[in-house]
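For reference, chains read A, B, C, D, E and F in written order, and residue numbers begin at 1 within each chain.
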């Protein structure tokens, strides 16, 4: 039963740590699934807000992209930046995604969704990318609040958020986080 | 900024263990977010399959329910069965859910979704319940495969899956898991 | 054999984390049993000191209360403040305590002890409450000394200690801790 | 303030693992405090039972011994059997206990209690030794039930329990545990 | 100071888990440094034995190779088999090794050693490969002895050991391990 | 097969935490093997540098000493300073080392190496001692950088490094670390 295989492989996302935190000394960091969960949750609320503001956005599509965007890491693992310099992570995840989706009844469609995220092909794909970065910064803030330091490098992603087409709509969210961080220091 | 508050509270789901496993000695078990992630992923594929078979199912709705169904545990935590005998978990989560959704721009709608799961009010809500149980059994199988024992009690949920309206459509999935478990013993 | 059952259930206290720390990001916090142990140890020395000062205090009684005061959490778990707003923790623990003590040969007596703590009915019960709060603050200090932050909220308990009937006798202890904390900052 | 020092040192018992389990591969085992807590709890119920049967037993004394018996490990740590062959653990703990109790207002009395356990000088001291071994076997059973193996060596302590003066009074407890273990295999 | 940089990067090997175990559910597995340590230790004794038997083997060289052979993983991480299908791990580690060794005063020499392992260019390089596989199997046996299952796949490496030029000299070692494993089952 | 026994015992070094960190609240600290690995790696580069500068140093000898210097802790465990006041750690490790090396074909030689470290009998032994202290300080710095505090006591070892015969050759390394630490504060 191939969907069962897929669900079992997805279990790896619970077992695999997010290596960026690990390398900076967070000894028992979030899993990839932990991260993906909150990315999807953020996507849900941001997509609904955009829709309420009159955007033509397909919320179902956005949610599916959020849930699938890290699935290839069940095979490829969370390759950190220090490794990406030596490895073509994008290419690897692309191939792994393709082969994972073959276990479903509609591989072409799911792979299309995956590419929308990876290549920023659709509004929905780009929104998930925004949610992905935002989630990481919220987590960085949470670790800093707990007492972890040495995480400055992650905050480079802030620039990406501020340059995004979605920034004007979620400025309060982004800058609210920045303000919380300042308070904490 | 109230959505930011909500996202920060959702971070608790990464930090909180699923207590059922903990009480049986799994020393570093999955988080609530880990579980919720795979529930949503399963929901995605099952909902799409049902739709392909001609069901009138709102996939967006199903995905939202999956992502929201455990959110109240960010405040209430994962109350295990041993405690539910003494505490009205359902009532507590209901109130907590309501108060969490107030932070959003559409509390009524999100609370409605939450109730669809909790009370089985819609096809989508019941499908997430099916996915929730299936996810737990897949995890139980994975722990057993790793060498953990003492998890028989969880398999009582199998009966619930077999009695479900969705069973006939996902018989291969459920019985495939049961077969894997047998092989493993 | 019912005492054996009771001892096995008490094993849950080793497996269950103190959720207050967990929610603030302490990733591998003390267990309930860890906490209960030091509460009982503190009670021992404080009760002996009070007795030496001429108090009529039943040290045996105080020690029993200290060892039993969190036993109900073996079933109910450590419900954090965020959840207590939605759940009647006191009532749940009361019922669970009663049912646990039925496994002993003198349920009435042990339940009486439990209530002395919970309701502050005796000098001994109130002393354990004092020790319970003091223990929590010592732990908070230890986590802060290790580098954890975000624990200010716990120090609200200081006021409770200062208002206690025992404060005048253990002022050095309480204020000594406060002084250590200041040094650390 | 010397009692505060003592309480802070006792915090080490929460942080230090019981090395016997660690060496056999239990990766996140109970702390010394976890163990001490249940030893004291067991002592409470056994002492009360003996008293009810007409034994002249000082329950307060027994409880104090239980709480103090491993305190020296806050400095000496839990030296495993593999090391005891090379180190005089008894002598080290004796000296450490003496120096720890100097921080209290009655060092002589507490050291006397400590020796009653270590040297089996009193009924109370020997009861805590019985409780200490029983607690270890309950924990061994719990780990085995969870799926850990390689713990047979610990069950050698069963002989000690069976030879003890207390065995006839707690035969059901000891043999009940043995029966549970058999069922589990 | 470039050697300091190198030593700091090597710290990653302590923080990074060996992913093979992780993916099979060992929740807190050995680090890469843990593994490398025992590989070097095994190399030491095997190399000395070979020398005693008259082999012309450069023990210093063998030890250096053992200590350097996984250093590139400080950047590339421990890419598991599931990922190697999509990624050119060998190429990545080669480039990373080169860039790491530039921090030393003799990059060419250290890279030469690294290649001797990777490409089996010397007796010493091949001995470390033998030690590397043997170490993994000893660890697999240790996890199995602890109660972990689902590790059969690792034992495929046994064939590699048996086909090795060193097998005849260390047959007792290899088959002794196999015998222990059988006993354990 | 006695070498196999030795390798299995060495596995304890992976499972045993370095207790110095543990006692200061680092909840999941490096293993003894983690530490030993980097000591050996540091030794490799320092020995090569000294040789390049014209020192008569036996690099093979230095590497063997580095790999063997903590092996006795596989039986004795990492006895912390608080315990060394009560226990003769040196004597215990000496006896344990002797008995461990009996499992090899050349016990006398390996024990000789072990003593060169312990008693500073040779240039190589003293270099490993230098590497051992340096490694500890690098780790202390890494923990501090991560956010852990309360580690000042470890930096007393700095004086030992500065007084060492090797200091003039590795001043940049030692002072570079001190400078990084200052930057971090």
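Brief remarks on what is shown
The rule is simple: a contact is a pair of C-beta atoms (placed from the backbone, for glycine too) under 8 Å apart; a residue touches a chain by one contact, two chains touch by 3 or more.
Just so it is clear, the structure is predicted and the values come from calculations on it, not from any experiment.
For chain C, the chain whose average C-alpha position is most distant is E.
In the contact between chain D and chain E, the residue numbers used by both copies make up under half of all numbers at that interface. By count of C-beta pairs in contact, A-E exceeds the other of the chain pairs A-E and A-C.
Greatest Cα centroid separation from chain F: this falls to B. Per-chain CA centroids place chain C at a distance of 41 Å from chain F. Per-chain Cα centroids separate chain B from chain F by 49 Å.
Shared interface positions of chain F, defined as residues touching 2 or more other chains, are 25, 27-28, 142, 147. According to the touch criterion at the top of this document, the contacting chain pairs are A-B, A-C, A-E, A-F, B-C, B-D, B-E, C-D, C-F, D-E, D-F, E-F.
Touching chain A in their complex are the following residues of chain C: 24-28, 147-150. The touching residues of chain A, counted against chain E in their complex, run 12, 15-17, 19, 22-23, 25, 27, 74-77, 79-80, 82-83, 85-89, 91-93, 95-96.
On the chain F side of its complex with chain E, the touching residues are 1, 3-4, 6-8, 10-11, 13-14, 28, 30-31, 33-34, 36-38, 40-42, 44-45, 48-49, 52, 59-60, 63-64, 67-68, 71, 104-106, 135, 138-139, 142, 172-173, 176-177, 180.
Interface of chain D with chain B (complex): residues 27-28, 142-143, 145-147, 184.
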